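Every chain is named by a letter (A, B, C, D, E, F, G, H, I, J, K and L) in the order it is written, and numbering of its residues begins at 1.
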Amino acid sequence: MKDHVYKLIELTGTSSSSVEDAVGKAIQRAHKTIKNLSWFQVVETRGNIEKGQVHRWQVTIKVGFTVEG
Amino acid sequence: MKDHVYKLIELTGTSSSSVEDAVGKAIQRAHKTIKNLSWFQVVETRGNIEKGQVHRWQVTIKVGFTVEG
Amino acid sequence: MKDHVYKLIELTGTSSSSVEDAVGKAIQRAHKTIKNLSWFQVVETRGNIEKGQVHRWQVTIKVGFTVEG
Amino acid sequence: MKDHVYKLIELTGTSSSSVEDAVGKAIQRAHKTIKNLSWFQVVETRGNIEKGQVHRWQVTIKVGFTVEG
Amino acid sequence: MKDHVYKLIELTGTSSSSVEDAVGKAIQRAHKTIKNLSWFQVVETRGNIEKGQVHRWQVTIKVGFTVEG
Amino acid sequence: MKDHVYKLIELTGTSSSSVEDAVGKAIQRAHKTIKNLSWFQVVETRGNIEKGQVHRWQVTIKVGFTVEG
Amino acid sequence: MKDHVYKLIELTGTSSSSVEDAVGKAIQRAHKTIKNLSWFQVVETRGNIEKGQVHRWQVTIKVGFTVEG
Amino acid sequence: MKDHVYKLIELTGTSSSSVEDAVGKAIQRAHKTIKNLSWFQVVETRGNIEKGQVHRWQVTIKVGFTVEG
Amino acid sequence: MKDHVYKLIELTGTSSSSVEDAVGKAIQRAHKTIKNLSWFQVVETRGNIEKGQVHRWQVTIKVGFTVEG
Amino acid sequence: MKDHVYKLIELTGTSSSSVEDAVGKAIQRAHKTIKNLSWFQVVETRGNIEKGQVHRWQVTIKVGFTVEG
Amino acid sequence: MKDHVYKLIELTGTSSSSVEDAVGKAIQRAHKTIKNLSWFQVVETRGNIEKGQVHRWQVTIKVGFTVEG
Amino acid sequence: MKDHVYKLIELTGTSSSSVEDAVGKAIQRAHKTIKNLSWFQVVETRGNIEKGQVHRWQVTIKVGFTVEG
């Protein structure tokens, strides 16, 4: 088995509904251009507020994927 | 455009259902006395346990708002 | 009232649906052998990805419980 | 049982005798205006020195209390 | 000499020109209502960008002041 | 001389009197079942408050001991 | 309003004059290829020294921008 | 596929030769009683010195393994 | 001398033999597409385990290189 | 008033009785050769254990003092 | 080329005007007794306040230099 | 037995071959002037790159030793 090398990129996903949805949105977007996404870790959870309610969750993640070749 | 100054306060919201609900509860309560809440960031996620189940999520956040004047 | 001593153990719960479910799974499992679980704190939130979607949330928590005697 | 919201404030207590006394001083002072203080956590322990001796312990704590209403 | 107690509050000052100006703005604003501000420490330095230039520095500080009585 | 392996466990000791007493209580309790405790490090110092006074210090430590065999 | 996804990249700007200039240089360079830069946060401030003077400030920042599509 | 729960334990391995050997020693020892060790992460690297040479590397790791049942 | 701007990317190198080899593998792979790699810093050291032995070291590094132009 | 420059050194004081005594011992020792010690901050609190009791507190501090001339 | 060894010392520079000036003051002072200062990194930025204005910036840095011989 | 006081100094060792060799080089150099070096801890691992290979490991450590008298 080969010694793989992975690259990690940092993304912020946003969602009006939940932490899980914000992470999912970031991963779905990355998947459009990078097919072999492998794992993620949450770096920070923030959000903005409007009229006393969470308007949008902003979850920053690192996403790792295998570098080919 | 003016150079605003913001104040940050730290709150712990609690909820028996979810992280999102605990954060929402803290923000709703702060909104009763501070109208211009602008953003938040999650500082810590804890909880207490009863009978092998999460009884209450305790999520500590910093909330920022514009200082008038 | 007695000065209690508590022990903390570290667990990673996994779930295909949510952070809350992953934490709940870890606590339910620990409860099988330790009856007086008292509180938890989230240490890290990660996950693995398959086909551009979160396949499994992996949430690491510390769980505290009273040491008897 | 209700989902409480807590506020955390940050204080530095000082004492010429001990860490415990510095924390106690900060809590006693806060108690004059806030009756339902619930818990604290130590953030930082510092002090100033005079003539080769600790002159004053300076212990910074976060104090949490229930927000009514 | 008395054992003082200090309170710390967290503020974000903003400025289009510099880190120092953003901190100064936050302290000047706080001084309007709290006369005995004593020291500060920088917690975070951020900013927003417009047209490839820093539009506004956002510097978050903790400010400490003596609690009277 | 052999290359030892050590295990670290995490405990929270509590005491109404001092940080030192809380740590001592945790170590005494662990000593009941583990005889070769070797060192500790303080992870966190917290406490709960009643009537404007520290009611109980809660000091979390990691304790290391030699794994036999 | 759409749920945006942002990407964060990490850059080190350098300048012989100031922290602000080093950050500005990094952002101007990034702006050549990425038009919608939105915010930054300072990660680390270092520098090299020649003849007892700061020769070059090296400020590492994370820069966030909207991912189109 | 089932939602596994993992436990993490903390160990310090020691070796007079290298970081890798110290980690290997800790894992080999743990493997004597726990068969399904799955991953580790390095927490801290220390050592003691004798006569101006590293006498023993002390590497603290967290080791994760599946909790059966 | 010009004020350079550097970019930092994050990579995880893997190796069955050592930390140094895992770092070397990540840098060699990056060098295939980026010729002016300048420095690195270790962010995290992890690994997976098989049959009570380290099967593969996973070392995450940040790598910096000059941005041309 | 002049712009002072301060130097910080790191010391570990030890004591069989308390955290305060360990800090005091370190400062007294430093005072033998450096007369203008000004402030300290606690970096880490550890200790060794003998027969289920804290044998010696080991408190690491940074101590700051004015650099003359 | 030889494998150099570097020493790092920690200094706090102060200035009534700016962060850059405070760092410069600390480095100039160190340069009086240590000629081969090579690099620095900012550890902490604080200051004291008088009459609602920053009175003195206090910037703590680590400074590295080659150890001869 | 006496309550010892220890001093910690920070050094960066460099080596073209390994982490262990870089640490060893720093300790050997310190041993030339300080005979009672007792322990070390790794603070940071970095390095510079030439032609797609690690050219020199740079490992920063804190080294502790007993202060006599």
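Criterion: a residue touches a chain if its C-beta (ideal position, glycine included) is under 8 Å from a C-beta of that chain, and two chains touch if they have at least 3 such contacts.
These numbers were taken from a predicted model, which means no experiment stands behind them.
The set of chains touching subunit C and also touching subunit H is given as F. By residue number, over half of the touching pairs seen at C-H are also found at F-H, the match among F-H, E-G or H-I.
Work out the mean CA point of subunit K and of subunit L, and you get 21 Å between them.
For the pair subunit A and subunit C, the distance between mean C-alpha positions equals 22 Å.
If you average the CA atoms of subunit D and of subunit L, the two centres end up 38 Å from each other. Put simply, the C-alpha centre of subunit A and that of subunit E have 32 angstrom between them. Annotation for subunit I: residues 9-10, 18-19, 30, 32 touch two or more other chains. Every pair of chains that touch is listed here: A-B, A-C, A-G, A-I, B-C, B-D, B-E, C-F, C-H, D-E, D-F, D-J, E-G, E-K, F-H, F-J, G-I, G-K, H-I, H-L, I-L, J-K, J-L, K-L. Per the touch definition, subunit H reaches subunit F in the complex via residues 9-16, 21-22, 25-26, 29-30, 32, 56, 60.
Every residue of subunit B that touches subunit C in the complex is listed here, in rising order: 17-19, 44-49, 51-54, 57. Subunit K contributes residues 3-10, 62, 64, 67, 69 to its touches with subunit L in the complex. Taken in their complex, subunit L has these residues touching subunit H: 18-20, 23-24, 27-28, 30-32, 35, 37-42, 63.
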